[in-house]
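Naming follows writing order (A, B, C, D, E, F, G, H, I, J, K and L), and every chain is counted from residue 1.
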Amino acid sequence: MAVARVTELVAASPVSFDDAIRKGFERAAKTLRNITGFHVTEWRASVKDEAIQEYRVTMRVTFLLEDTL
Amino acid sequence: MAVARVTELVAASPVSFDDAIRKGFERAAKTLRNITGFHVTEWRASVKDEAIQEYRVTMRVTFLLEDTL
Amino acid sequence: MAVARVTELVAASPVSFDDAIRKGFERAAKTLRNITGFHVTEWRASVKDEAIQEYRVTMRVTFLLEDTL
Amino acid sequence: MAVARVTELVAASPVSFDDAIRKGFERAAKTLRNITGFHVTEWRASVKDEAIQEYRVTMRVTFLLEDTL
Amino acid sequence: MAVARVTELVAASPVSFDDAIRKGFERAAKTLRNITGFHVTEWRASVKDEAIQEYRVTMRVTFLLEDTL
Amino acid sequence: MAVARVTELVAASPVSFDDAIRKGFERAAKTLRNITGFHVTEWRASVKDEAIQEYRVTMRVTFLLEDTL
Amino acid sequence: MAVARVTELVAASPVSFDDAIRKGFERAAKTLRNITGFHVTEWRASVKDEAIQEYRVTMRVTFLLEDTL
Amino acid sequence: MAVARVTELVAASPVSFDDAIRKGFERAAKTLRNITGFHVTEWRASVKDEAIQEYRVTMRVTFLLEDTL
Amino acid sequence: MAVARVTELVAASPVSFDDAIRKGFERAAKTLRNITGFHVTEWRASVKDEAIQEYRVTMRVTFLLEDTL
Amino acid sequence: MAVARVTELVAASPVSFDDAIRKGFERAAKTLRNITGFHVTEWRASVKDEAIQEYRVTMRVTFLLEDTL
Amino acid sequence: MAVARVTELVAASPVSFDDAIRKGFERAAKTLRNITGFHVTEWRASVKDEAIQEYRVTMRVTFLLEDTL
Amino acid sequence: MAVARVTELVAASPVSFDDAIRKGFERAAKTLRNITGFHVTEWRASVKDEAIQEYRVTMRVTFLLEDTL
């Protein structure tokens, strides 16, 4: 039986929350193997000069530890 | 005065969170009459082979009990 | 150092959650200066005649108090 | 040993929170046997034309499943 | 589509929680137009000389912003 | 400056939540001096033979420690 | 894509928490098809005559709705 | 109608969580009469030299106040 | 009996959390009369170039509404 | 293996939060033996005449029960 | 004074929750030195073909950073 | 747009909470580049021989992942 680890990321996009999630997942997949899923726990935005500058999501990413597979 | 019930669903879509919500609502509306609203309480995704496989939302659906209308 | 205030809004859209957030932010930006960001804390929808009538988000908007800048 | 189920209701009354609880309990008792208790978890009111229109309580009702008695 | 604001009050009464809620709502209705509802989130009492002095409720009041109607 | 202690009670009444609170406060005042207030944190009821048997409140009672006055 | 429902049970055993979970799962499996998992959210015990009478767990059981498979 | 008090314990065992609960309950029953139940709210373990040293549970024990029986 | 309002601030200081609280309170006292207290609910810091740049506290300030005194 | 109890205090100081914690700990240590630690869970202040009157902390103090040592 | 890190794992076992905890701890101890304890924060199970397939616990493991000892 | 990671530390000091935070931040800054901030989420103390032995803070530190800058 595998053991998984959970790591927390904050990903951002100037376009949308969906794009921020995609960016966060792509970055996670670049260094973590065996990702099994993620949980979006916070939805924020930063604002500058009266415009939304960045959509930001907090993501908790779960991935299996290789040696336990 | 009506009495409502709250039921909890988990709906999934390979496309997006918005699509998962739509699917969950459509399924709820198929068997429940007099839905008055819903609340999305969790946003998760399952991942397989380094790609997002399913977007999953937890929805709490409220509907009026017919005999109390 | 500036002091900021946090105010809570509920914004709605017949189209989508993204549109509700945009509407909420536009309304906030109309009367509040120096908004630095917002946090979306609740995602709900109202339903009528078996169709989603309004997507509703609760937003906590942070803005700097002018005299502290 | 019995197994119980927990179901969530939202009950309303134009008179008071106490009356809303009574209405919710009466409706629950009409279709559920072997209720052992309930928990009031939310207290809200709807307002129209500057008057309280409905007191609304969220109730989590617990009842024993017959075949487990 | 309207945008609403949520404001938090603490109302008190020497008589009962119900009376405290009524007082809080009356005060809110005096300065806020278009109140659509409220949520009672805390129930406290202050005590002096071995008697309940004040019943105190925390209320989150929601009202529509005029210009968005 | 005084130091206070917080103690948790569960009080019950066959009549109403208000009466349960009164009973809990009276019992607390019988053995604790210098009570400064209480916080009602849970509202439950037990049911028997399709009738509400007891209204039960959880109360957190704060009282000053005598030697710190 | 399937839609799942979440239902909440309280299961009890005079022997242990593990046995209570087993009893709750067996009862759930008797009437619900396509259970995919459960979440144990509360661990309580009732006591009588200075002995533990029942171990009680609150379980949130998830099952797929047949027509969505 | 009786009034109950809730007291919080942390109990430990080198053997297992079940044993820690038993130890906590036995200690509580030694000085408290009329215990009606308990709630296990936290599950922790301390580790030393790469071995689990103690399983520790936080228990909230409820007991009836004698004079209210 | 007075009715109070609760407003949320975020105050910052380059020196310490204590100083941030002081700054937040001073700013609040400049425009709000009859403040009765505040609650510090979040403690954060921003960092730049490997040094703490600002200590930031979220404060919920309670003040009595004049016309209810 | 020892069993510990957790008790909740509210301690106050006109000087600072740190001083309130010290006062609360000193008072606890006067009547409780074998304190193993404490947890500060709330940070509040009372205000009078536009000045901070008291810094108040809620502390949960853990101490070992003598007979279990 | 040492600084510790907290890492989150999800461990599974086909046998029991106790076994899942043991497996999670063993895996953690394989790569982390100076573990001082862990906290079990979630208890779930996956189900397949009407049988419990895996007991799954979420564990937050604390370990001292070597260079701070 | 950068992606950040959040890591959780527990830092301790025999002197004060402020010093514990400083120690935690210094240790974090030793191995993590591009820290953007931290959030203090728990405030505890360990006690020995009737004296505070260590002030302990739980800190959630956010830092940008280099390759995303």
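Methods note: a contact is a pair of C-beta atoms (placed from the backbone, for glycine too) under 8 Å apart; a residue touches a chain by one contact, two chains touch by 3 or more.
Everything numeric in this text was worked out from a predicted model, so none of it was measured.
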item	value
Chain hops separating chain K from chain D, counting only touching neighbours	2
Repeat of the J-L interface, chosen from C-E, A-K or I-J (over half of contact pairs identical by residue number)	I-J
Distance between the centres, which are taken as Cα means, of chain J and chain G, whole angstrom	39
Distance between chain centroids, defined by C-alpha means - chain D, chain H (Å)	32
Whole-Å gap between the CA centroids of chain E and chain K	45
Chain J: positions in contact with at least two other chains	7
Full enumeration of touching chain pairs	A-B, A-C, A-K, A-L, B-C, B-D, B-G, C-E, C-I, D-E, D-F, D-G, E-F, E-I, F-H, F-J, G-H, G-K, H-J, H-K, I-J, I-L, J-L, K-L
In the complex with chain K, residue positions of chain H that touch it	16-17, 42-48, 50, 52
Complex contact set, residues of chain H against chain G	18, 21, 25, 29, 35-40
Of all residues in chain J, those that touch chain H in their complex	1-7, 62, 65, 67-68
Of chain A, residues touching chain L in the complex	7-14, 20, 23-24, 27, 30, 54, 58
